[in-house]
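Two complexes come next, and they have one chain in common, chain A, joined by chain B in the first and chain C in the second.
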Partner chain A sequence: MTTPPNNGGSAPSEAVVQDFANMSAALMGFQASFIRPFLDPVNLSGIFYQFAVAQVGQTMMDALMSAFDALSKQTPPLTAQQIADTLLEVSSPTPSNQALLCQSIIAMWYLGSWYPPPFQKDGLQQVISSQAYTKSLAWNTAQAHPMGFSAFPFGYWSQPPGPLTDFGVNTGGGQ
Partner chain B sequence: MKKIATIILLAAVAVTMVIMTPETSTMAPAADPAIVLSPKIPGDAQFGPLPPNPTNEQKLLAIQGDFDIYSWNTFIALNWPPGPDGNGDPNKTIGQNGDNDTVWEHYRNVDSVFLPGGAKPTYTGPGTVPTQCKASYKPGMKIITQVGKTPTVLTAFSQPFNTGPIIDQNGNYTRFEILVNKPMFDYILQNTLYSKAGQKVFSGAVKFPCGVLNGPEGAIMVKAAWKVIDPADKSRFHSQTVLVYSPASQNPKYPASCSTKTMGLVGLHVGHKTNSAAQWLWSTFEHVDNVPTEADVASGNLKTKYNYYDPKCAASKCPPNQTPPRPWNPTQVSAFHSQIVRMNMFKGNEFAFESAAARNADALKLLLGVSSSSVWKNYELISTMWPTNTGQCQATPGDPLGTPAPNFLANTTLETYIQGMVPNVSSNCIECHNNATMTTPVPSDFTYVLQRAQ
Partner chain C sequence: MSNGASPQYDVVIIGAGVSGNLIAKQVGLAGKKVLILEAGLPVPDSREEYMDNFYLALAKTPEAPYPALAGRTGNKDHPVGKLPDPATLPTPRATVLGLGGTPETSYLVQAQSWVATHPDDPAPPQNPPTAPNGDVRGLQFSSTFERNAGGTSWHWLGTSLRELENDIRMWTKYQHAVDWPVTYDEMQPLWAKAEKEIGVAASVVQQEPLEVVGLEYPPGYQYPMGPIPTSIVDQTVSQGVSGLQVPGTLPDTPGGSDPQMYDVFVTPTPAGRNSEPYDDRRVCAGNTNCIPICPIQAKWDPTITLGKALDTGNVTVSYQSVAYNVAVDANNKATSVDYYVWSRDSAGKLQKESKSVSGKIIVLAAHAIENAKLLLLSNNWKGIANKSDQVGRNLMDHPLYLTWALAPQPLWGYRGPLATAGIESLRDGEFRKYRASFRMEIGNEGWNFATGDPYTTALDFIQGTDNSGVNPKKERLGGTALALKLNDLLTRQFRIACMFDQTPLQENRVQLDLDSYGKPVNTDGLGIPRPKVEYGFDTYTMEGFRMAAYVCSQVYKQMGAQEFTKNNVGGTGDFTYRGVNYHYYGAGHVVGTHRMGPDPYTSVVDSSQRSHDVQNMWVVGSGSFPTVCTANPTLTLLALAFKSADSIIAALKSY
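Then we have the complex of A and B:
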């Protein structure tokens, strides 16, 4: 324990990571407090934000975050679904690059992998990290777990899975 | 969500209420948690206030600090000189005479809990003495022995997942033992979980008792790693004269044997189930001379001598963290010496390193204040693993692991070959112990010891 490890590069501010988590929660129908818990030792919000910035550039990410900020401040307040529909431009047959970036961000959270948006030149499809894979939200939505990794104790398969809300899914009060 | 944060907030409200009660209006607020020289084993961690508007990293650092303080207070209390009842003697102090007998060594060794034929165990009285040790055994003598044919748990000289032994720089195999405290023993006894037959008729879920802050301790498991030391080195180790038992083996073939050795403590794991940690708190300590870190090796910042690393042997000749070649024969001095390096398992969790370093410095100051010859100054906390998302003595639904912090934690003497940062492969105390069952296919509440029932 004598020589400290290298801490790596600088991290985005807490406010930026929280905004990214809030936007991600709206895009995916998850609870923001699940995406970015009060104590977050895994820090996927921070890791995914930095990863996306490295892929598409700070300018494009800032523009997306500004668009989300404007939507989230509207009066009367928009629902998470309305914010998602707007950012994803669901009514447009030719979504903008910003909407395509939103699609890649959704895929990143659900699958732990980066699927390059069509406009990203030389973009590489890749698994972001082992933890991004095991913590990806597709498993929660299926009330299941990834192959090779289960948080559930022995014999869980003999019981019905818990409700979707236990897995962080924002069901809007329903199940 | 029920989180540690809720506990911290409730604690703050409780403190405020105490201060506002007229009869107690002169009381000072509860002190921030601190490492203290006390024989009292903490029933749980105590939480201090968070800094204003903290970042995620600052929150984790602050609460990791509280848990690391808990770990050091536990280490001090467990290694306190015991009185006749086995509890820490308040009239003595840890390390006042250099080394001392300890409280945890009077806990019950699991080989005296899970007896042949499923016999009913007792907490006190002579433990199991293997035939080969009987001639050398004297009452009260520690015996480090094989604890049963349970290939996925620690045995006398192997490690989790049968990853192999660790052999010191003198060619001696490191030995292990596991002990349980009275509350854990009592739960096993009351529920007849000490026998296969008792486990078979047990219904419901295994739920060991949780420790309570400023109250009783919960179930505690201690795992210790020991190495043979030269008597001249006793001033640097907590040491014991021990009967070391090696069970018979067919491959390689050797008979059971027992010999008297001077053993020094090199690793100490403490698992404690508490109200704030249904997934248990996992504190892990090591001797400061065990191994260098990856960063030490890279920078050349090396000591002249380690317990498990030869600084004069280049990586090309002595590649680090290799399992010893078979056959493994703990009864003989090995030509192979383990070359172990502590891998950085805190990438992204740097708060764990920072917190442990600060708490180690605080503890060192206290221990040196007792005596400059205290052997306890030579032990360091590697970290404490704790659940960030847990309820009061029960897991949060949907998150049985409680999202542990740090994400990974290994003791180089106990999880030598599973250091790293790969989920389900690298050492994570909570994740691994969550898979534990009894001899029946029933989860055993984060302990593998129940698999030893006969």
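Then we have the complex of A and C:
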């Protein structure tokens, strides 16, 4: 950990939260507009950003966001999949701490819980909030819903689900 | 009452669960005064409180929503949070997270035989020991239960199958185990009453194929509401097993063989969840969460019946009231119940106040293990109602064998109620002379039960591990590649759970955790000795496991599915039979500890669940089942509670 946790500190700016959502979407293979819709009263992007900063420190998060920013501005443009593969260092047998942080960010969105990256020695595994669970996205990749939280009607289970894109997945891997 | 005063209540009931609440309601409707002593907390004002406990629990075990046990943060030593010591709690209970633990985390003191044979050896052997007759002893009893208003059936699945005729006459038909002291014909109207109370969704026409195992309904019978639709998982398995037959026994089954071929087919499961609005409750929305908690109470639970009991105006509940003695006079009459009312002071310290209450009739409805514990605790820990020496014995479960596989095409689990169909066609046959019968439940929750998915597989592909068994190359993925990989795997996952009609054994038992001087070893926070359990399987039961593993593999093979079942060795819930490892889970179906029967010398209660020895005391619930049978027990234990209620109301006329 490069700086002490700030326990959230002041609310990040709208632009920072949008950047974090864009980066998260690329890392996870989801549509950015799905995880951060125009009207977003729950604001998981902001909550997760602050939570991650509190865990690993502002300096490390700023470095990751800068790396994402640089990759996003490359010409010719990289696809979302290429950005994810680069940040996650998928071809490296020994991913850096920054790549390990990316893993924790994916897990946070997918599973609603914080799984401390290996370098965070005092990290505690925890469910971040009730809404982090009820909006967790691994279930969407199954074209389903979190167990215990469904908005589908009686009998939906006897018919096939809608397409994966309806569940927010960026199936094309592009931007 | 011991001073000659009139009893304070007509009926004192210990426990506000399935049986206790139903009897309270029926007796209250008859105009009699009832007190329920409930050890735990009241039903919360809103189930949102329990839902939040569930959402925030790291391990979403059956106990997760109910008065919190584990902290919400984990670390290396306690991945799902540190468990409280049962010795500090007023109403500790058996929990999934406490399984395999020492008495510092496990309420049930598990009397594994290595403790007895190797007192100086802290490490269990690699496998549980085998007795000379082939039985495996020293196994962990893996079922858990709740102690709060509503009881364990807060998290029942809703499965409302009836027992089969041969389930309840095993000795007469197959010369194995024992008969029940009630007939199939006698049970029919009782099941109908229970189905109405619950609101069971099913279709008699859909159940008709099960005539091959002896399932019959009275002419013209209809369930209270139409069936719950089957899932795509069910439909896929149903098509996949078309034409499949399996033999009654495998080669070299001890005792004999049943070479007959039995058809394997799928039928929808009668369910205690609404297919239409019923009793002012809404229809099932398929939250896939019947266990641990239905978020919308579309599934019946005993709190609904408790509400109706209170509405009679004749029923009172005393919460946080833990019974520890039933006083019996020289005429074998139960006179009063002694109990502690517990509370916590402003500093959080546990306080208790001892009280006593009298009733014309006393009903123990505290759960199979807690009923046995209370009977053994009474009379200064010498026990009551135990002329037969059967109190606490014959402890049974539906030991559950879980198998799982990937289908060749998506069948979209993680949707709908947890289970909507099963393979019931193998529940009866001549093979029951030689091996345990079983039912097979098809799950709609992917590999959630099997591997903890979607968590395990998702983390495997995020972190490059292979705890699921589906990432042997330990790939690390991100972006769309990750989402599509998970989509491919999660939508093809399914599982089958087999539940066995295990043999009742005298040595499988609940006792008080006392030392050889009669002093308590482990107690709860009120100072009450805790239950110590001994458990094991005979070869008849284990031969059922062998057959179940074979049948599941045949099902997967015929479907073109790839099986991923993993059986460990040497852990709690593991055993080895004929060189093959098996892992079993508890089903929560705790049975047998105060068995009913016609003979006071071989059973604890009669067919009305009335004590043979103490005439004004009833001991009710699944503990009265002489055998665990092949259906999930809630419907039948509720049916038996109707019979008990009628006998209690009749008996009150003479008191």
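The rule is simple: the second predicted complex is superposed on the first by the 162 of 175 C-alpha atoms of A that agree within 3 Å, B and C clash if a C-alpha of one lies under 4 Å from a C-alpha of the other, contacts with A are read in each partner's own complex, and residues count from 1 in each chain.
Here is the rule we go by: contacts are C-beta pairs under 8 Å (C-beta built on N, C-alpha and C of every residue); 3 or more make two chains touch, one makes a residue touch a chain.
Quick caveat: nothing in here was measured; it's all calculated off a predicted structure.
In the superposition on chain A, A:Asp166 contacts chain B only, with no contact to chain C. Legend: residue contacts after superposition of the two complexes on their common chain; A:Ser130 is shown touching both chain B and chain C. One of chain B and chain C touches more residues of chain A, and that partner is C. Using the contact criterion defined above for the overlaid structures, shared-chain residue A:Ser33 touches chain B, although it does not reach chain C.
Of the two partner chains placed by the overlay, chain B and chain C both lie in contact with A:Phe149. Shared-chain residue A:Val17: touches chain B; no touch with chain C.
Contacts of A:Asn43 after superposition on the shared chain: chain B is touched, whereas chain C is not. Residue overlap on chain A between its contacts with chain B in one complex and with chain C in the other: 130, 134, 148-149, 152-155.
Contacts from chain A toward chain B in the complex involve residues 1-8, 11, 13-14, 17, 33, 37-43, 46-47, 130-131, 134, 148-149, 151-155, 162, 165-168.
For chain A in complex with chain C, the touching residues are 26-30, 80-81, 83-85, 87-88, 90, 95, 102-103, 106-107, 110-111, 113, 115, 124-127, 129-130, 133-134, 138-139, 141-145, 147-150, 152-161, 164, 169-173.
Chain C meets chain A in the complex at residues 51-52, 54-58, 60, 72-75, 79, 229-232, 235, 275, 283-289, 293, 295, 410, 412-417, 420, 444-446, 448, 454-455, 458-459, 462-463, 476-484, 486-487, 490-491. Considering their complex, residues 1, 3-5, 55-57, 59-60, 63, 288, 292-296, 299, 301, 342, 344, 346-350, 353-354, 356-357, 360, 380, 382, 388-389, 397-401, 403-407, 421-424, 431, 434-437, 441-443 of chain B touch chain A.
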